[in-house]
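Note that the chains are named A, B, C and D in the order they appear, and that numbering of residues resets to 1 at the start of each chain.
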């Protein structure tokens, strides 16, 4: 009994399966009050599944949970919140067309209601308080949520999760959706809550981040509990190894220090103004890995969209091979340009479609230029590339909405590898991807480079840029603020100087 | 406050402009008060019907049954008026509207099939129920002494009360927040612990109150309610539906409650205008369709027009800079 | 030698989903006529549009009927019908509608498969009702009619225009194809709003149930009941009340029962081999009746719209089937029809 | 997490198979039931032709409608297109009967282009846009026809069974291949599944959407032509409620409204055949119009309730 009381939360033998997929297999975890617990694992290892069970979003098949020593069996999210468990989800969790205040108190309006009648003023007042509590003052409760940026919406979700002063706060893969400032805010809030004696379950693929912010750590692999580590036992290589279950070399970036880049320009932007891009001039050479970096809001994601023809330049032009302008996305694809969006679920994938359909989509015309397309060829193409990318699924007929985030990303990459585009624009290709897969993706990028393909790598992670690029272009306020070559010997500090 | 007034003015411009156009075309017919008054009175029933439609629309469900439910409610109200007078008519219409609404809502909940399919099937069934209830003559008539709600000021008072009720429910209840959320992102709403199915079910039921009111007014204004078959009842809801769609366009600058009324009012000006101009009534549909299309195109592309302006500005800036 | 004709089947496309009592009574009267000679009535549900009827006729042909009776949606569809029936060797007859197009009429009257049919004189009827409204002092008339393209609708429009011309009445506007009461209310109110000078409303025809009560209600709401004279072609169930109150003024019609009945009789006679007219189609023009008193209106409701047809099967067998009654010819039929009135039906059927 | 429903995989594959093919089973069931009830008349040679005639127009249109359904859109203007192109065809016959077919097809495609342009490039929601188009062209049909217009009876040669059967086979093969096997059909489904993902995979989303509406317009022009030559007359009622007939048929066949990869071509065929069989069967048995409508309504709900694939729809609207 005494043993149990020491723990705030305890889960025993949690099982959950989706058809033939066993997402969680007798998973055990105990969380103490006043700790930040990291939860790490490969893509599809069951982190989101577990945390959503705790938050009452879905039900487990078997196993027991205890909160404060009492059996805990949430009937739904509201019940979970009432028990003091709240969660920030991996996907977007706000509802458009209603106000910020309404989003914060969504499902909890009864607080401000008498007989179903809502006191909107009071709700706005409380929402302002909730936002203040997380030190956000630029968001007004009356604003429509649609007026906010993606990042600000995540902040609204934080306010929502923290308003009820939860005993357990679950944060599933949220940092990748936040800017540096947002991250700092999140870390600050996490510390604050820990110091108040609350528990935090923190999910991330960034091992540095985990090691830095967490007090202890649980590793999951294929739905199985693998290990618990305390802060003093943290070691990046060891964690990686536990994660993927085999030895992994210390660095997985490329190790050469720069090679001669071809002079041939395959894609360029000339004085382009579009979206958040201001007067951008940029050249991508054949066989080059060009990294694009900067702070969030610097416009780097729009660079990808402009070069791919998704965003039409207001002034200036985007040229392929220095002659033809890029007219539209479909033109770009036809002319050998591929694009992986940062916003995977909304823009890169058809969720309610099979893996095969997704992979084959850009290549349909290549399979048979005219007339009927053979089903066999499609299947071959899909299987070849999903195997190459090690997509974790029973077959290529599996629908993408049942895949974990990382596996979805692999499908997106497989799609473009299958198409065999000569120019690849990769916007945060490893976002939310586990270390093992990350290494595989980096290898692939290198391989593409060796095949003479040109890669534009847009990334928020400086390490990744430094590790992979032949050349890095940094942006500030939509314009180029600095350029570095690989052979100049790059460091984060050098880059950051040009970013701010 | 100033902004609010400007917005109201903007919205009122819509009917005013349309009215002025007709005034110019035929001054002598359009320049009397009776004309405007008639347009106003005619706007009431479709506006209240549109309020009922708005519930489903906001929730993201599609409802083909509105017309057939209106008929059933009117027929039962009419039948009970003969038996129990006013009480029979009012209670009969409202309660039957709610009961049929509950049936629709609950089936939508249980069967978990797209609402368009469900309501299309149900409309076919409800139509027959309505016509069976209407009996031998295919329509139900009420005694003129029960028809007092059909003329002003009663109809205006009922309209104002309905509008206030609608405004209140749509802006000040927990339910309305849930409804909008379900319409905007059902998956997230569900994960936030909202019983989305229940919300949708409720939207059918609450909307039914307005169907009941519309049925009573129809009964009172036309003196009778006739049954419809072969999906004929769907045509009853098309014009109110158009006003809801227009009102959603106007929503950015004006509340739905007023927006629906203004939109319906504008449509009615067109209706009477065409008759007054002496154009064959077939033109009504042409003008209506055209009007709907143009408004929708303007609305959907308003962002683009601004974008274009910005682009031009940007280009000019770049030109002058270089 | 045979005491009964060979069994036969008559196809009848009719909207049996329509609950309007007039529509139901039409079905009952046709049924009585067909069964009087031992035939079987085969119904298919129709929407009464030209395309719908063509589909229905082809369906009926596939079901081996010997004759088909229908209400044509337009003249221009008849050649197609005749071609289909000629191919299949099936007789066809029409009800309610004449053939106004000269070429088509000529061609159809030459067809051996066209049995003929009844129609009312729509044009005269419309012209007369306008004139009698003019006599009541109507000068500016708002008009309601059934969908354009329908032979009756067009003829009634034409007749009304002629009547208006003759009597010096100004037709303000015509609205077509109203099917719901709310639209009716709206149209009447719009007329009142847009045409303050309007002093008469004439319903040349409508498929809207409860049209007259709706019109009367709209007029009453605007304080115009009684001031604006109301006329209507085709009787409906509620006329009695308004005739009593003096707010309704004139209605011509009443042939909705006798017309289909006699049309069916013409076809049945042709099908069983005893055509009323030997060399060509039989065409009978049914006179319209006038409703003038509330009592008559009540009797109309009881005896015309009740479950019993205006002639029972036995009466038809005795009076209208040539197989049983060799006296029957055109004159005989015309005489019989001319005696048809509300009083006549009441006398035969009241017990 | 997007979809907890996705977890409910059926216990046995047989059950899944049954449910997935329920619309097809329903078809067989309807067939057998009425074949017995009518004592074999339902599938008699004459009635078969009759059923074919009943489902001819609906099936033609449903097949092309599949493309629009795959996009997750609706087209409420099909009836109006049929009516208007029949009217235009009838007018052109006064110049020369040879013009009827091209004029009808052109008119249909033209209106399809209009609704396609409005939905794809002007971003009007298809439901509203096509409703508006339908209002406009219904009104215009009534106005221009001012009654009804006949064409020479000689045009009835095109109403011959073999012409129609041939047409049906051609349209079936062409649209089936286009939908199932060609990039265009796949692109339509991709756009329906995710417009942005399709665009970023190189699909010209706007063009695909517009072409689909044009295809529907084209086929409606063809339907208009066949309606015209059948009755040899065009009236303001031509094509009336056709949009509901088609919608009813495809929904009956189990077509999902959400579009995407779940849209099956066979749904169009099964739905229109089942509807025609049902109508013909009920009519043969002598069921009256009121009851027929109730039966249709209930069956629609029941069939969809059983066959609807709830697992792949995150939310059901």
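We adopt the following convention: a contact is a pair of C-beta atoms (placed from the backbone, for glycine too) under 8 Å apart; a residue touches a chain by one contact, two chains touch by 3 or more.
Values in this document were obtained by computation on a predicted structure and should not be read as measured data.
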| item | value |
| --- | --- |
| Chain whose Cα centroid lies at the greatest distance from that of chain A | C |
| Geometric centre distance via CA averages, chain C-chain A, whole Å | 73 |
| Where chain B and chain D are represented by their mean Cα positions, the distance between them in whole Å | 29 |
| Centre-of-Cα separation between chain D and chain C, whole angstrom | 35 |
| Separation of mean Cα positions, chain D and chain A [Å, integer] | 42 |
| Multi-chain contact residues (two or more partners), chain D | 1-3, 142, 241, 258, 289-290, 293, 314 |
| Two or more partner chains touched - positions in chain A | 57, 89 |
| Junction residues of chain C - those touching two or more other chains | 17-19, 47, 148, 176 |
| Chain pairs in mutual contact under the definition given at the outset | A-B, A-D, B-C, B-D, C-D |
| Partner chain D, residues of chain C touching it in the complex | 15-19, 43-45, 47, 49-55, 58-59, 61-64, 73-77, 79-80, 83, 101, 104, 147-149, 154, 176 |
| Chain B contact footprint on chain A (complex, rising order) | 56-57, 76-79, 81, 89, 92-98, 102, 106-107, 109-110, 113, 116-118, 120, 271, 273, 279, 314-316 |
| In the complex with chain D, residue positions of chain B that touch it | 60-62, 107, 111-118, 120-125, 127-128, 131-132, 186-187, 190-191, 196, 229-231, 234, 238, 242, 245, 280, 282-290, 292-293, 296-297, 300-301 |
| Chain A contact footprint on chain D (complex, rising order) | 1-4, 6-7, 9, 177, 181-183, 186-187, 189-190, 193-194, 196-204, 258, 260-262, 312-314 |
| Chain D - residues contacting chain B, complex | 1-3, 118, 122-125, 128-129, 131-140, 142-143, 241, 244, 247-248, 251, 256-258, 289-291, 293-294, 296-301, 304-305, 308, 310, 314-317 |
